[in-house]
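For reference, the structures are reproduced in the following blocks.
Below are two complexes that have subunit A in common, paired first with subunit B and then with subunit C.
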Partner chain A sequence: MSALSSAVRPLGPTASRLGRRHAWTAAVVVFFALLLTWNSSQTRNFGAFEIQTLLASTLALAYLAMAQAVVVIGGGIDLSVGSLLVLANCLSARFMEGTSFGGSALVAVAVLAVIAALGALTGLVISVSKIPDIIVTLATSFVWGGAALFVLRTPGGGAAPEFQTLVLGSGNAWWPALLCLLAPLLLVWAPLRRSRAGIAIYALGSSKDAAFLSGVDPLRTKVIAYAVSGLLCGLAGIATTAFTGGGSSQSTIAMNATLNSVAAIVLGGVALSGGVGGLIGPVFAVWCLYLIPNIMLGLGVDPSYGEVVKGVVVVLVVLVGGQLRLRRSRSP
Partner chain B sequence: MTDVKEEAIRDEGAAPEAGLVARIAAGDRSTLALIGVLVTLVLADGLIDRSFLSLSQLRNTLLVTAPLALLAGGQTLCMLTGGIDLSVAMTATAAAYVTGVQSSEGPVTAILAGLLVGVAVGLVNGLAIGIFRVNPLIMTLGMSGILTGLLTVGSQTFLGGATRMSDLVLELGGGTIVGPIPWNLVVWLLLGGALVVGLRRTGLGRMIYAIGDNRVACRLAGVRVWQVETAVYTMCALLAAVAGILIGGRSGSVDLQLAGSYLLPSVAAAVIGGTSILGGIGGYTGTILGALILAVLDTMLNLLSVDEALKQVLYGSIILVLAWVYARGTASA
Partner chain C sequence: MTNSEPLLRARGVAKRYGSVVALRSVDLAVAPGEIHALVGANGAGKSTLVRILSGVIRPDAGEVEVAGKAVRFRSPAHARDTGLAPVFQDPAFAPDLTVAENLRLTTTDAGAFRRQLAALGLDDVELAEAAGMLPLPLLRMLDLARVLAHDPALLLLDEITAALPADYAERVFEAIRRARDEGRSVLFISHRLLEVQEVCDRVTVLRDGSNVDTLNTADGSEQRIVAAMLGERAALAVTEPRKVAPRTHREPGEPALVVRGISDGRRVRDVSLTLAPGEVLGITGLEGQGQDELFAILAGDRKAGGGEIVVNGEQLVARHPHEAIAHGLTLVPSDRWQALLPQRSVRENLAVPLYNAPGRWGWIHADRELHQVADAIARLSIDTRAQAQAKRLSGGNQQKVAIGRWLVGGFTTLLCFDPTRGIDVGTKHQIYDLFRELAAAGKSVLMFTSELREVPLACDRVLVLYDGRIVAELPAADADEATLLSSAHGLADTLTESR
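Moving on, here comes the complex of A and B:
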């Protein structure tokens, strides 16, 4: 959509176009800032330690939201991101156990390659079979979940402590987790978005037929989108291993993670119809969803109500956002 | 694209008049293929373990199938309009939980309270989706989270107390009428029959297909789309509530994980049965076959004492293969 709107309105003032394009992300950032201020006013000595906790405990879900966002921008939906996270978590926890720092890093690279390949395979199956994305990924979510059980039957495994510190930081050091989060954004997504393949992903999500008629190869684009998504799922799995210091193949983890990733991208301004949004908004949305139960705890409300509030917030945001989009598309 | 449209037109033209038998006679390839898969699975089960073909095992299979088929029935309705309901599992759990807590008030009050939970959830879903145009995936996902939170808190406060099901619910969920016929089969047959007839013969049924096929055209033709959608999501949640009460009756007591494992199979059963997630194509007879296939498959994997890991891999692969075969079948038809 963003690529198209600049082509349609070449004469429009740049500032308003920028504002319109990034309005949603800006709103999410402001919402996050408000929540953070609120939360910090509840805690005495709010500082680096709390920021480190926020970044470290949301790192996996932030990666996963980015993974879901790439696929949804490309006009699909991936119900298997949670299972891929669990598979990457189990693989890395099993093979990192007892290794040195170098060994853990090697395992991490291998796991990323495997999970990205599985993602690409999913994209290939969707393109070749012409079955809707939601069905294929529903089926593969069982397959990857089963594979994770093969790798790690009971919760266990481990990782080199130095590796965990490198990924998440510790104590007051909040910047390692932030760097890890920014790495795929800067190294993978930023170049991709400006490349032919990245624009093709947006085009395919906007209108499949129009993209095809303009010479976009749907198969290639789908495979690239799902491979990038798989890579991010792999990162999410490794971040989980680093955070928990082990692996677990429980199917409820996968399911909750998938559902949370969908909630996060929708809050973050990625339209489920495809072709709209970016990866920054979903990350801020994940942070917002993390802060809500914390704030409720600070207010003395049972944090279990956090789930209720999260659900209401997601629905309301989609409701209001949808109405705004509808109105905007009607006005000339 | 044209294939899909033609298929829809053909389906809509033929489906209302033809019953299951007539459709098989007319050579509906996908229904035939599904029956073939089901028969093969049953025979394979029989070969693996002769006791599978016994009456008691048949009763067990039916006992497992009925709640799944009810949940998948609701899912089929939503998918026919081009939507999806990801809150069915939590709705079922919530209904069963309320029924369990209220069972001290007498079985009828308890069941009514449970069904009321379903209606309330469905109305909220349907109104938000129909009037405020919230994406169904997000609305029902949010609803699932809301119910999870409410139940988690409620189990310690306003819904506290024992969740022992009353005898009537226990009998409905796990009891036997005669021979291999469990009570929950009767519940399923009544509701399932109503679904099959309702989708084929009533105006509402036709409108559900029409909205899934082309929502804008329906609105322009004067269909009150929001009313149909509200009705669909309410019926779906009501079916989920019935299924939840039956599941609770089988297990005796209710916890918050009661129906969670039914969510993905409910979608899978509808998909295997040939209902398109894009709307407008499919029906409940296919979903029944899909639910039976999943139940028999599950029994087979248990008979083979396949471990959980391989079971999940096989389960997923078979869903994928069946969906693929079905996609090819409709493309070439």
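Moving on, here comes the complex of A and C:
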């Protein structure tokens, strides 16, 4: 009996277990707080305007990081998030131009539906064809990028100013952008995370075989994950339209956005192997990645170094975090 | 009992993967309230049959009936809804999810699960713990409890006792008998014939993808089962182990391996042992007594906090496995997939150590390699029908490849961790024979085994590990199961201080 109980009790108190599960997110939040403090000490009268700028200019990328996170948690990776953002951006900019507030809102809903459907289609293709996610989404990234060119050949378009205000706020009002960011988290992700479908996404990413044996339908789960991801990409595109007041189908935008989304989720504690992480960490990671070049600028360093530092930070954080995770798993 | 309508009936079930026939044609009938064993050598098709019956794969031909109705399982969930509930060797728990979340995935009632856990004598399991943080044997017990919570008509247990500590195994047997008393049926797959005879009512024997015999355990002797599994020729050696039992033979001279006072500060405490050239030294113990850590330290995969390792008179401080390998200390790990390259051919898997020492300009001697590989294949009689990819070999053949690699690469002391886990009787004996042969040639073998019965078959001497310490040392001839078991449980009266 004594031998047995020693095998059964590697379990700490509930609090430490909770801490363990959310340690990474907490660390990113602390990191963000440090960066924010540093940044605010560089600026005189740091206040609502700076916060509003931070939230508004990172809104699109925050959505996109969430979109990437959902797919990666489900055991995939989506190289087409940037292209979906651009496509949503072009669609909304083209059809919102010259509309009233109501018209723009209607277009937004339609664009979200289209982009979410494209996401679901991607998930379906991956599941049915059994081609790895990375290859299918690489292909679709070209397709969506090409489609965006048809929608909007040259940069242009627009949106109802009231609509832009709704999304980003006016003047120093920082809370509209924050509300827009929280909306999908609270309305889509939180209920999903607690449902069987959401658990299935984590299970599929954690262990395909175990998930299948537990009765998870891999096709359904993949489609749901990619549809949610598509929805978030659509939001990212619309946020871009609101922020820039127009659309652009340049392919470099898509590429940059995709790569930044991957950097953000990695920094935000989502394991590329799947099954681990959440959506909050990546959002804070996006904010960190936004602040780093700003701080460099405040230090009077050539802004080009900002990108270098960003890259170094990603590698260092993942290195340290990975080591800590490894040590923990070795000594349960 | 056997006269009634069978609960499960399979007729002419067949499955092939490409050109490899996994199941030729299997008939099987399990009566209600019967514990039915399915046995067979590695590659006989047991796993394939279980995967078909649990809805993981679909058969190419044949039909399956449950309670008289023909069914074609679409998925594991469908099979479970039909009342067929499997427990596999690898528990179906997503490691990153908590136990509770895993239960939600299978829509398992937490209350029923708790009751089953209590019946298995596991009360203080924390459901909020990530499944991946729990030890494998415990997870398998949780899997069993989960399956039972679904009130299945038929339990499919695939090698559930493999590498399970003896006390857990005993609880599994109790649970199986309880299930039978409640009118459930059990299909029990195991390599351990003793268990089969103790626990099961009837046995179906598979050989080469077909069922060759079905008998009652009451009147079927072990010999008849083995004969059916292997064909008559191999049966004798298995049932009369004394004829193949080792003759102790020790080379004179310096010990091949001396371990003095090794600790890692956590699991391994002050372990010392000496291994003579030409000796096969066994180590046994319950799950989690520091054996994994001890072997990792010896193989150079883990740092020791204190103590020293002397290999052939030379002190070894290995920071990396390749340093241990260079000293002739090589490891065959318990998990074959830690060692093998699943996608690569048998030849490459065997020749891997040679790539450490390529010829001039980094060229690999294809001729030399081919020779040595062919030699290893012959010595271990590796079945090379599926040699294009190691992952397509049967479990026993994979294990042979993992060992054969060091025949090709060369070694002085072979560290083998549970080398016969999940392997059929015939292959087991081939591995024991190989160890004896190596010992006769002056090599040394240090093997951990969780199967107490194999100690006298393979080893000259055995050490018992308990709570990170060596608590007993016995010559293999005295190492009967009862003695080993009580020292493995740390019972004081058997502890010897013979050193």
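Just so we're on the same page, the second predicted complex is superposed on the first by the 320 of 332 C-alpha atoms of A that agree within 3 Å, B and C clash if a C-alpha of one lies under 4 Å from a C-alpha of the other, contacts with A are read in each partner's own complex, and residues count from 1 in each chain.
What we mean here is this: a contact is a pair of C-beta atoms (placed from the backbone, for glycine too) under 8 Å apart; a residue touches a chain by one contact, two chains touch by 3 or more.
None of these values were measured; they are calculated from a predicted model.
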Task: Considering only the touch criterion stated at the top, classify A:Gly275 as touching first (subunit B), second (subunit C), both, or neither.
output: second
Task: Have a look at where A:Leu118 lands relative to subunit B and subunit C in the superposition and call it first, second, both or neither.
output: neither
Query: After superposition on the shared chain, which partner residues are touched by A:Ala69: those of subunit B (first), subunit C (second), both, or neither?
result: neither
Task: Quick one: classify A:Ala225 as touching subunit B (first), subunit C (second), both or neither.
output: neither
First (subunit B), second (subunit C), both or neither touched by A:Ser206: second
Query: Which chain makes contact with more of the residues of subunit A, subunit B or else subunit C?
result: B
Task: Determine where on subunit A the residues touched by subunit B overlap those touched by subunit C, and list them.
output: none
Task: In the complex, go through subunit A and note every residue touching subunit B.
output: 77, 125, 129-132, 134-136, 138-143, 145-147, 149-150, 153, 251-252, 255, 259, 262-263, 266, 272, 302, 304-312, 314-315, 318-319, 322-323, 326
- line: Listed in rising order, subunit B residues that touch subunit A in their complex are 84, 86, 128, 132-135, 137-139, 141-146, 148-150, 152-153, 257, 260, 263-264, 267-268, 271, 276-278, 307-317, 319-320, 323-324, 327, 331
Statement: subunit C residues touching subunit A in their complex are 54, 56, 75-77, 80, 86, 88, 90-97, 101-102, 104-107, 121-122, 124-126, 128-130, 132-135, 137-138, 165, 167-168, 266, 286-289, 466-467, 489-490
- request: Note which residues of subunit A are touching subunit C in the complex, please.
  value: 1-11, 14, 17, 21, 196, 199-200, 202-203, 205-207, 209-217, 275-276, 329, 331-332
